[in-house]
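Look at the two complexes coming up: chain A is in both, with chain B in one and chain C in the other.
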Partner chain A sequence: MTDIRIPDDLWDTDETPEGAIGSWLFGDGETVEEGTTVATVMAGKTEYDIPAPASGTLHVDKDADVAVTPGEVIGRVA
Partner chain B sequence: MSERRLTMAKAMVEAIAQEMRDDERVFVMGEDVGPYGGIFDSTQGLLDEFGTERIRDTPISETSFIGAGVGAAMSGMRPIVELMFVDFFGVCMDAIYNLSAKNTYFSGGNWSVPMVIMTATGGGYSDAGQHSQCLHATFAHLPGMKVVHPSNAYDAKGMMTTAIRDDNPVFYMFHKGLQGLGWMWNVPGATTNVPKEPYTVPFGEVGVRREGSDLTIVTLGLMVHRSLDAAKKLSEEGIEAEVLDLRTLVPLDREGVLRSVEKTGRLLVVDEDYKSYGVTAEIIATVAEAGTTMHAPPKRVAYPDIPIPFSRPLEQFALPDADDIASAAHNLMKGAPSTVTA
Partner chain C sequence: MEVSDDHRSWRKRLLAFYPIWDVRDEVVPDDSSQSPQEHVARDAALARERIRAAGPDERPPALFRLWSNTRCLVVTQREERLPSFAAAARASAERGWPVVARDSGGTTVPHTPGTLLLTLLLPRLRAEDPPVQEPRADTVFTLLCDPVIEAMARLGVSATYGAVPRSFCDGRFNLVAHNRKIAGTAQRWRGGLPRYPVRDGFVMAHLALYVDTDMHAATRAVNSFLADTGSSEAFDSGQMISLREAMRRSGAGDPSSDVLRIFQERLVEVLRATRI
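So, the complex of A and B:
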């Protein structure tokens, strides 16, 4: 089980306290490959790609539109 | 290996980038296409690779830069010009329909206008009546240009490539709600597997998005997804709808529509554009003229003939949704006559 974590320094939280999950490109239970973009996160006007940290089955913990901050776990790959 | 999924916006950008690498005549211009990356992300990241000569921000004057696009195309370039919102066509329509669409005809075929005009369409996010229209029929009505409208990322990339390589002007309409923008809503079906290599999607072929035997739903753009949602509900009640995605309005795959309606004998046309004088009428007329034997009179679900409200509850009420489509399908199955409304 590997956490899908938003990198700690992805954006400046002094300027933009929180972002939001833009979309999941794969659904809960789908097979993903390490390095494939699985989700996007929006902070301010910038969109960031979140890659799968490992290959396996995707588990989504935070749905699209949910507010998130750097360092947060948004899903897992098992 | 897992698929590589792209949002529709990223698929469009990939097609433009690949064609620009391959053909130095291709360039992009429009409002906020540079550092901003397109207000609906249609040019995101292109400036970094291609620079300001080939990704050109313009002043807020559609009259001048759409006109400049026509001139560039006739001078041997292959411009992609973005009209930020289709609603802004009013100030540049002469360049679109008298110049880009007719100059090949006027010159006896001696001049071609290989130009792509890409433009954002559609409502649903409270941007009011001059930023939320579809206007499919306004452009499809006029001869001389192709009019296309992808509903998913695979088509968005392939149709953009086809558009750029076409020697005719192509009016490439994309629905904001399908772009996969973080600040907009999500339509999971629009984000699809997209091959990395360049490919084309031919114009003039409907996409059968769902097979069914009881009725045919003909639609395009965002309404493909709303219709698929409706078809799922209908299926739970034992009604199997076939859902056709028109994909291109010019050329229009009339044969593809007739093939399906001959099979099902029932037709429902769904469009987010205004109801009267539109795509829905054209499709119904096509089936009527062909003399197809029907089990029931055709029906349509479209945006009523009123401006699009800024008020969210009013706008959401007026826009067609899956419930409206399912309800119209039920009436169609019962053979109930259409209610005449505005």
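So, the complex of A and C:
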């Protein structure tokens, strides 16, 4: 099981305390390949791609539009 | 808001990293030969085309694209998922403001023939590139906005960075003149996380400068669309200003002149001089 984690330094939390999941590009239980963009995260007015850290089955922990902060685990690949 | 020395330092490194900074002027006011969606989609298409065109040992150039659009509202893919989006978009189109979705940050913004649009396209760091760190989004915003501030200064209008509460699509990297929002920005990082090499990735940074736009009508169009989606957000057109009005208040320029064309020429001059 590999965590899909928002990098600690993706944005400056002094300026933007939290972001939000923009969208999931794959559904819970779908197969994903390492490096494929599986989600987007929006912080301030910037949207970033979040890649799958490994190949396997995607488990979504945080739904779209849910608030997130750097370092948080938003899903897993098993 | 002051832009820190750290950003200035990053800006220099980034300017050095891309040896070529192209400028493409594609402004054709009220060009209806393409749909608003086609105008919007061209940014990503252009980025992919330039990355493909670069040889294996070449770093694709950075590109500033100046462009314009016909009247429309540009929304994010996130807003496109709202349950009442389709009905709200139809109603907006009937009011003369068709709605198009863009894969980028921010929230709903109006485009009009009097809005000057600027996109900065930066190819992302690749695995074979030297291990320079990529900058934060804030630095990319300054690369996008500083030339616009300089071009406005050449027309006698002083602008700074800052949030303007109750303006649509508000953010720290608005441009502000006479304490009102004159331009808004957003950004999209495609292809992977910052500071990790990616394949065929790019950054798109967008700016919309309201040069000769009826801000009351534009804000009303945004508010009506959002109300139809069920949103309780409503924005105040009094928090916005067009460049034409800012020039009038600054006692700069001839109010009868073609402000869009004059500003476009100044901005191209400044962008072509973008170097370390």
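Here is the rule we go by: the second predicted complex is superposed on the first by the 78 of 78 C-alpha atoms of A that agree within 3 Å, B and C clash if a C-alpha of one lies under 4 Å from a C-alpha of the other, contacts with A are read in each partner's own complex, and residues count from 1 in each chain.
The criterion applied here is as follows: contacts are C-beta pairs under 8 Å (C-beta built on N, C-alpha and C of every residue); 3 or more make two chains touch, one makes a residue touch a chain.
Just so it is clear, the structure is predicted and the values come from calculations on it, not from any experiment.
By the touch criterion stated above, A:51 is placed in contact with chain C alone, chain B being left untouched. Applying the stated contact rule after C-alpha superposition, one finds that A:33 touches chain B and leaves chain C untouched. When the two complexes are overlaid on their common chain A, residue A:64 makes contact with chain B and with chain C alike. By the touch criterion defined above, A:7 lies against chain C but remains apart from chain B after alignment on the C-alpha atoms of chain A. Contact with chain B, but none with chain C, is seen for A:25 once the two complexes are overlaid on the shared chain. By the document's definition of touching, of the two partners only chain C reaches A:15; chain B does not.
Judged by the document's definition of touching, chain A residues 22-23, 37, 42, 47, 64-65 lie at the interface with chain B and also at the interface with chain C. The residues of chain A lying in touch with chain B in their complex are 20-23, 25-27, 30-33, 36-37, 40-42, 47, 55, 64-65.
On the side of chain B, the complex with chain A involves touching residues 1-7, 41, 180-183, 186, 188, 191. Within the complex formed with chain A, the residues of chain C that make contact are 76-78, 81, 103-106, 136-138, 169, 171-173, 185-195, 201. Residues 7, 9-12, 15, 22-23, 35, 37, 42-51, 64-65 of chain A are the ones touching chain C in the complex.
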